[in-house]
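First the structure, then my questions, so here it is.
Residue numbering begins at 1 within each chain, and the chains themselves are lettered A, B and C in the order written.
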Amino acid sequence: MRMTLKAALMLGTLLSGTSAWAQEITVWDWKSSDPLSVPYYQKAKEVFEAAHPGVTINYVMQPHDQYYTLLGTALSSNAGPDMFLMNGGAQAKARFGALLKLDDKVADIKDDLVGWEEFADANGVYAVPLSIQGFVVYYNKKLYTDAGLDAAKPPKTWAELAKVCDAIKAKGAVPCFAMGNKEGFGIEFWFSSIAATSWTLDEQAEFAAGKLKWSSEPVKAILQSWVDANKNGWFPQGANSTAKFMDEYEGFMRGEAANTIGLISDVAHWKQFDEFLGAENDGVFPMPSPTAAADKKEGEPNFPLAGGIGYGINKASANADLAVAFAKVLASPELEQIFFNDAGAVAANAKVDTAGVKSPAAIEILKIMATSGAPMAHANATAKELEEIHRLSQLLLNGETTVDEAVKRMDEVQAEAHK
Amino acid sequence: MGSPAERRIALLFIAPALLLVAVFRIFPLLWGFVLSFFDSDGMTKLEFVGFGNYVALASDNAFRDSVENTLILIATLPIWVALPMLLAILIHQGVPGGGFFRAVYFFPAVLSSVIIGSIFNMVLRYDGSLNAMLKAVGLVPVDWLGSGSTALYVLFSVQLWSTFGMSLLIFLAGLSTVPTELVEAARLDGAKPMQIWWHVIIPVLRPIIEFVGVVTTIGALTSMFGLIYVLTAGGPGTSTTLPEFLIWLEQGKMNRPGYAAAISMLLFSLMAGLAYVQIRIMSKNANL
Amino acid sequence: MAISGTREKWLMRGLSVPMLLLALTCLYPVFFAINNALKTDKDYILNRFSIVTDPTLQNFVNAWTRSRLSEYFLNSVVVTVGAVALLLAVSSLAGFAFAMLRFPYRKLLFIVILASLMIPVQVVLVPFYRTIVTLGLVNTRIGLIISYTAFFLPFCVYLMTAFYSGLPRELVEAARMDGAKLIQIWWHVMLPLGKPALITLGILNTLYCWNDVLISLLVLQKERTLMVGIAALKGEYTTNIPLLMAGIVIAAAPIVIIYIIFQRRIVNGIATGAVKG
């Protein structure tokens, strides 16, 4: 009975001819209705459909907090979209099993784009990166001046950073850093920012492979700095109940903290902060580290730089080649230019013209991008490790656990996750 | 047992309900039960692990903490049932302003967890309105959502606040079936209000009390996810992590549906056990 | 049905004070939402706690157009009305049978329905979605109506059963002896008597269907429902709170209005007559 029903339905669809001559590429994401991104997505659709008559792009936008649940459900039911957006790093890597390997298909644009590592593993690449993401410290120049600091000379070493925070504390008006660690993002940003300078490239690779233990000196030192910074009063009270996005940043934008570790693309970045603080008042510097690794220079800290978001193609898609073509349109210089201009997303495409940028903070970021990028350590940790460090970081701030206990627990989780 | 005709018609009456429930609820439950014995990533990996997931759960710290939190929740459940019941009885008995209260108490139930989250984040933050009020009267501010000792109880309070209106509504519906003649007769016999409540009103309400008890338990254990996510994200540490939150985490973020299914089975068993206990208690008191 | 006696009167007056405080906290969200919906985003970030100084209706306009509320509104109405009607009909039939009639496996079947209340949504998602896809119900409003009915049915059947079991069985017996068929008894006796519970369920189900986001996201992917449109106003990390509040005010208004109209009916109770004595 049910089989006949199914057959009848299929026949009906065939007869209605919807799939006969008009092909449709279904694209899932969480951005296509965002007003800042709409021009980018609209143009991409127009350009592609003009070049491929008879094919339409169908954007399906899902709210971000349910995005991965819905995606997982659809993929598990063999009813997933043709292509879908992902965050680079752990979330993307967990889904390689459903994605088409792209190496030969993207050979022509491989060199034009950066940020492939977050969407690749030993076997190849699985998604086309659209934007670059990174962490830098933004500071409120006026608050620096009020505390007697030279706003034109941001700290370059840990000792200088400590001096800054001492001055801010002495002034007593605001905390040195804004910090939101409710979801555990606070520790992620802190961790990767410091590791960018204090770990060698080899150590970064070892960490990704699960070989650099949390109890080892380079990793443990970061957790220690987290506890010390809190003890020295660098963070505000109530960090564990403050959401990073957007409470921490809104606090910074209101002038309630001197520094904050922010992003370079899209959100919590120069474009947003310039609007509230004023472009001339919004400063930027890479986060210093207590120690500099052997292959880094003291006084010239690095900052984490990684592929931000990208589109992967569903292995089971009937329109795979068309989907790849569309991904290439999304990553093309003309389209990426729109993305950069409207949303402030630092494009993965190196051919995008950034000369027209006026914001001093943005100019500074683009300058240091060329020389001081480093791997984003936390993006290479497993989901289990991240979950655990989220919780432990909160307990560390509350004083409910010690660094030694925490790294011991992290070692266990790390071993378990890399089995 | 009724007549053959009665039996036939009765089964016909429940057929649509049974069919829908069987297809959309029971079948998935069995499917989830089977899945809980596998290690899966939802896409390519599907490996039979027997009781492996359940064994892993026993040593999973986050899971153990969530069970502990659940036990605390269960201990507070009598309040969740008694409060709306008391309010409903008071309104029913004509407390001044009852009509206004009846209308307004339901409002929080209409709100989605997004707006409740926004409001309470504002109120309960360390630099929020509640602490501001406390400071104004000279008391010490507390990090309500960020300190392990208070977060869980604050979470329960907010959830109770946002759902008591629904239970209130149900109790009011039940109270409307209390026969007025019985109450009048009891009063004419000289019974005091408390006696009327205990001997006349509450027995009539018994199936409703049982209903609210079971449904509130289930609701507390399966629909707090939105609130937890917005208020505390399960933290600090695991102090506000509940099993349902873990299920979401394992299924969506950690991408382990088999593991999530195992937690779901345990949660289901817990609720079934609790419901059984509650129904037994209420049946025993049927002849109040 | 007020309590007489002066001591009780003063007790009631005293109790109404904390009840009033509670009521004020329940009203606060309304004030919060409207207050912030009238601010601009920048205004909100800079002055979160204060009363709006420069009110603007722009957020309501933006919420309406950006979430395509005019289209989605209709979808929500159709789906909600359909699901609630189906739920009330099916659950009152089943509740009648469970509470008043005798048939084999009555207790067992009731337990099955009760058990299905306890299944966490997450575990249901994938098989549910697969079923919907197989039955060809994806992207159809009928599909969403059936889904809602299936999800909320156990709750409704349970309540109707509990409610009906508080009524005397003699009612049904008397009507049978008068020669009425069971279906007529349902229509002429059980439905009217069940009004308080049915109205309650009507309100609650309207609330659940209207506010649902997850099931709607799965089933209706092209034409969305209202709450989904509102949920999409939340960005990936950032939320324009005033815009979101404006959307929520628009979306919640119908429910609030329905509730205010219907909640009085519940307490007015069953008409005197057949039930008592």
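Couple of notes before you dig in:
In the analysis below, a contact is a pair of C-beta atoms (placed from the backbone, for glycine too) under 8 Å apart; a residue touches a chain by one contact, two chains touch by 3 or more.
Note that the structure is predicted; figures quoted are calculated from it, not measured.
Greatest Cα centroid separation from chain C: this falls to A. Highest C-beta contact pair count among chain pairs: B-C.
Chain A and chain B have CA centres that are 37 Å apart.
Averaging C-alpha coordinates per chain places the centre of chain B 16 Å away from that of chain C. Centroids built from CA atoms put chain C at 39 Å from chain A. Residues of chain B in contact with at least two other chains: 42, 248, 251, 257. In chain A, the residues that touch at least two other chains are 65-66, 69, 76. Annotation for chain C: residues touching 2 or more other chains are 122, 125-126, 213, 231, 234, 239.
Listing the residues of chain B that touch chain C in their complex gives 1-2, 6-7, 9-11, 13-14, 16-18, 20-21, 23-29, 31-32, 35, 42, 87, 90-97, 99-112, 114-116, 118-119, 122, 129, 161, 165-166, 169-170, 172-177, 179-181, 183, 187, 193, 204, 206-208, 210-211, 214-215, 218, 222, 244, 247-248, 251, 257, 260-261, 264-265, 267-268, 271-272, 275. Residues 1-5, 8, 12-13, 15-16, 19-20, 22-23, 25-30, 32-33, 48-49, 90-91, 93-94, 96-98, 101-104, 106, 109, 112-128, 131, 146-147, 149-151, 153-155, 157-159, 162-163, 165-167, 182-183, 186, 196-197, 199-200, 203-204, 207, 211, 213, 227, 231, 234, 239, 241, 244-245, 248, 252, 255-256, 259-260, 263-264, 266-270, 272, 275-277 of chain C touch chain B in their complex.
In the complex of the two chains, the chain B residues touching chain A come out as 41-45, 62, 121, 124-127, 143-148, 151, 229, 232-238, 248-249, 251-255, 257. Contact residues of chain A toward chain B in the complex are 65-66, 68-69, 72, 75-76, 91, 94-95, 97-98, 182-184, 236-243, 247, 383-384, 387, 390-392, 394-395, 397-398, 400.
On chain A, the positions that touch chain C within their shared complex are 5-6, 9, 30-31, 33-35, 58, 60-66, 69-70, 73-74, 76-77, 79, 245-246, 250, 253-254, 267-268, 275-276.
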